[in-house]
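In what follows, a single structure is set out as structure tokens and then discussed.
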Amino acid sequence: MSNEQNESSGVFEIARIRKLIELLREFDLNEIDLHDATQRIRIKRGGVPMVSAMQAAGMMPAVSAAAASSSTVSAPSEDDKNVAFIKSPMVGSFYARSKPDQPAYVKVGDVVAPDTVVCIVEAMKMFNEIPAGISGKIVEVYVKDGDAVDVNKPLFKLAV
Amino acid sequence: MSNEQNESSGVFEIARIRKLIELLREFDLNEIDLHDATQRIRIKRGGVPMVSAMQAAGMMPAVSAAAASSSTVSAPSEDDKNVAFIKSPMVGSFYARSKPDQPAYVKVGDVVAPDTVVCIVEAMKMFNEIPAGISGKIVEVYVKDGDAVDVNKPLFKLAV
Amino acid sequence: MYNRILIANRGEIALRIIRACREMGIETVAIYSEGDRGSKYLEFADETFCVGGFKSADSYLRIDQIISAAEVGNVEAVHPGYGFLSENAHFNEVCRDCNIDFIGPTPQAMLMLGDKNQARALARKAKVPVVPGSDGLIEDEAAAMKVAHEIGFPVLVKATAGGGGRGMRVAANDLSLKTALQQAAAEALAAFGNAGVYIEKFVEHPRHVEVQMIADHHGNIVHLFERDCSTQRRHQKLIEESPSPSIPKNVRKSLCEAAVRLIQMANYTNAGTVEFIVDRDNNFYFIEVNARIQVEHPVTEMVTGIDLIQQQIRVAAGEKLPFRQKDIECKGSAIECRINAEDPAKNFQPSPGRIDSIFVPGGLGVRFDSHVHAGYTVPPYYDSMIGKLIVHQPTRAGAIRCMLRALSELKISGIKTTADFHRKVLSHVDFAEGRIDTGWVERNLMGKN
Amino acid sequence: MYNRILIANRGEIALRIIRACREMGIETVAIYSEGDRGSKYLEFADETFCVGGFKSADSYLRIDQIISAAEVGNVEAVHPGYGFLSENAHFNEVCRDCNIDFIGPTPQAMLMLGDKNQARALARKAKVPVVPGSDGLIEDEAAAMKVAHEIGFPVLVKATAGGGGRGMRVAANDLSLKTALQQAAAEALAAFGNAGVYIEKFVEHPRHVEVQMIADHHGNIVHLFERDCSTQRRHQKLIEESPSPSIPKNVRKSLCEAAVRLIQMANYTNAGTVEFIVDRDNNFYFIEVNARIQVEHPVTEMVTGIDLIQQQIRVAAGEKLPFRQKDIECKGSAIECRINAEDPAKNFQPSPGRIDSIFVPGGLGVRFDSHVHAGYTVPPYYDSMIGKLIVHQPTRAGAIRCMLRALSELKISGIKTTADFHRKVLSHVDFAEGRIDTGWVERNLMGKN
């Protein structure tokens, strides 16, 4: 035991810790936990276990705007700097168009500005026009007319 | 597992950790958790709960000799190749000497051979002479006359 | 009977209601905040909606979002649980306006009983003893003095809109009364936006005894006996039990009868609790009605064998109570300990965080109502209660021993809890002998951890 | 009363006994094998001794080590639980020779009832119906034929030392009887070191109904009503309940009375179970006595409110039973599901390993008796049962709904369990209508997972 202790006196060695963290990140791990009789290095990510993809989304800064009446836009994420999401600011029913006989406000390929209305969310008999809140190009629509949406539900994927 | 550890030079070796993580990835595991008596390497993906230190101890190779009638000798552990332990083969009361007025069978500093009687464990009114089961030099005695001992309780520490 | 219910709450009571619904074959819609997103108990609901951000004000108190979820989720009724919007008459009304049943009393009954002065007046009408005091709000200092001298010091200054001890002050003489009036009014204004205060006789060393009531829409009113909630810290209940260990049979009888009279007088329906304080001579005084299910309802369930949440739902759906008063028996003794994520060593400061490991007690007569598990993270945004440990045994002595055993098994690592603190209380001779009043914990255990 | 007891068992029953002792103020000494070293439940004992290696034969069956632990641990009594040494008359005797009480019947009663032929003879003496068959061992094939033709095919060939279906064969005619005799004898010799076999009438589609008995050393014998354990797979009980859903009142009455007569005739003391099979015409036949506490004892505890383990200890210590037959009530309906670490999809092969996460069901009327927790590793060396999920509700229909709800909450990851399999059984109309016999599972569910 004593030998071991003397050998690895370097739990505080930054270079190694950096390497470990890089591994954690590179392989998308939650935890690395190393110990011997007297020493321990433990590196964790993500306070909340049982994390679902949804939850991850929930942790994004955007949610602070959850109760706002304008759409919430997720900060461009680490892995893909050119993507953003338009999320529902409220619980309700999604509608892509103002009236059944009207065309959709936006479709894939359209370029939107922050004040472009992208859809309607109906809640308590009220039709709330949802602005994009960010500039970009619609690359994907996640919901269909009449779908139930809740707070921070991703509605559109944008290339920004 | 013990081989893996014997080859290694400490749990903090980055190269090995990377190999382990690659295995984790390759076989889509949730966790790799390696430990012996004193060391541990644990790598996780996804929320996974704890393993108690006691359970870790329960995994030690030495215990497989649990029910042997001669004393069990723990495999020298990787961190200190020069140490072995004489453990109790049975439940009972420990006695260092044959009779109260006799000297102890062995004391710190004594050199013992496998067949050297090192103590008595009394069980069901019977006095069982316990042989060392290994050659070495007594460096520590863990129990006193009359102490209750159970299976695989370390009695003596040996330098081998 | 309903096909689908929305649960406007979180944590253990949300899970409690989901359980009742599943056993009744009713689908559930759960709501959650960003702070509870991904919580395990939500998986037990049939549908879930995120209603907003981490703070209660942004989610569990957002009437608009919750009603939207009820409409989109296509439910027929809403169960409010306790806390949050459970005693919000406006929410109650909005639900009904949207043709969604509110599982609880009418908004009218809620409003009337929610106002302490109206409640007192009603109690008088129902011949239910109330603590002597000012009838209605105190206009000015002079009026306060007059009342205080009539009923005699010490007196209690209370906010008409108050609760949980906030906006409450004790005064032992003219001088302290002056300050008490100002402080209480200021605190009440800040906390409830209503500075109205009233005065009542301060009962020393009171016990807190409450009666569980349930009434249907067909005129049937039944009491399910009492709960003793005298073990409190700063007016927060820590331990509840049924039956009460300290009131004589005859007092118990008149206590329950008084509760029935009051509920009848109020045209109250669904489950509710009539709270009393009992002084050292076993005189009891009406305090207030909690117009909702309470945290401590399980102890009543254990001794009566009646599922209160299921009965709430049946009553709201218009069914008749399946039992009469004579059918209700109080069998054995039940105790509940509230397990809070708090650190008793640090004056009970909240201890949110990840539960690394938990061992859940089991065995005969043990019930643990909780939504937590190993790996669960207690969010810092809400109430610190993470579970309720309940035991039921033939005798009270047996219940105490069983609770001590169960508490010693409840090993939680990662956060601090009140489990060990409960062991101190339960192993104290005063608890064994039923000598606990609402000030006992402060007098005997505080600053001694 | 004892001050200190050794528990000669492991897992959930060891924990169950620790719980009873703690509530009685009795210290416990737990033993463990290397396979259970470090298990959480051992922390709840006052002292622990490792008695040997991973295999049962090297540890939990090592009488010498266990007695040494009892002596070094300075206990006054040993509780054997079920399985392992619980019905080992020799161990029973050795304990008493060492002046350590064995919490169970006398070695004499154990030996007599342990031998199926003596037990049958005793039953006859007590006017308890037995399955018609050979009185005593079969000498040779010719004798077997003679008996078979007297009682009529189909017949059952059983090992006198057998149990759990081992050393058991059905024969429909002379030819199959020949092979059955050879196979049963061979299997019995291998399994129990005793080739003795006997023959009895094969009752088709039998239900398994057993009566829980307890008797003190003062001549008081009380039955705690019956348990229906008809839901079996290969003679292994899966689900047990009380009361039985399928026997009429009068049959139930005579069944319980027959059990009392037998226990009296055997001078049996402490807890025991008299097992019967019931045919389609509600004729019941005595099968055997289990001279120990049983896995399924909790369902009886739920409906009677009596702690059987505590009563076992009191009786062993010489106390009188605190109740008479007339005091025993069977209230409501209780069901137990055995949760095994097995994979129903792979013909129930054992699924040992680490439990990564577990959600423990709770709520009104739910009891989970288990020693496992998130992070616990199910060892491969012992029985695969990791816990018992028990529910108690006013009605059987309510109990079934409650069990289905609780099973759906019991989420265990890391190993496979039988939880979902139980849901299939409990949601089947035959179970709801009490039409389960001991062959039902094989006929209806096997090969359908």
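Couple of notes before you dig in:
Each chain gets a letter, A, B, C and D, in the order it is written, and its residues are counted from 1.
Just so it is clear, contacts are C-beta pairs under 8 Å (C-beta built on N, C-alpha and C of every residue); 3 or more make two chains touch, one makes a residue touch a chain.
As the structure is a computational prediction, the values presented were derived from the model and not from experiment.
Any chain that touches chain B and also touches chain C is listed here: A, D.
Relative to chain C, the chain whose mean Cα position lies farthest away is B. Centre-to-centre, using mean CA coordinates, chain A is 53 Å away from chain D.
Centre-to-centre, using mean CA coordinates, chain A is 49 Å away from chain B. Taking each chain's centre as the average of its CA atoms, chain A and chain C sit 38 Å apart. Along chain B, residues 47-50 each make contact with two or more other chains.
Annotation for chain D: residues 40, 357, 374-375 touch two or more other chains. The part of chain A that touches chain B in the complex is made up of residues 1-4, 7-8, 10-11, 16, 19-20, 23, 27-37, 39, 41, 48-51.
Residues 9-12, 14, 17-18, 21-22, 24-25, 38-48, 79-80 of chain B touch chain A in their complex. Of all the residues in chain D, the ones that touch chain B in their complex are 33-40, 48-55, 58-59, 62, 64-69, 71-73, 98, 354, 356-357, 374-375, 377. Here chain B touches chain D in the complex through residues 30-31, 47-58, 63-67, 90-93, 123-124, 148, 150-153, going by the rule given at the top.
The touching residues of chain D, counted against chain C in their complex, run 15-16, 19, 22-25, 40, 43-44, 298, 301-302, 305, 307, 332, 357-360, 362-364, 366-370, 373-375, 394, 398, 401-402, 404-405, 408-409, 411.
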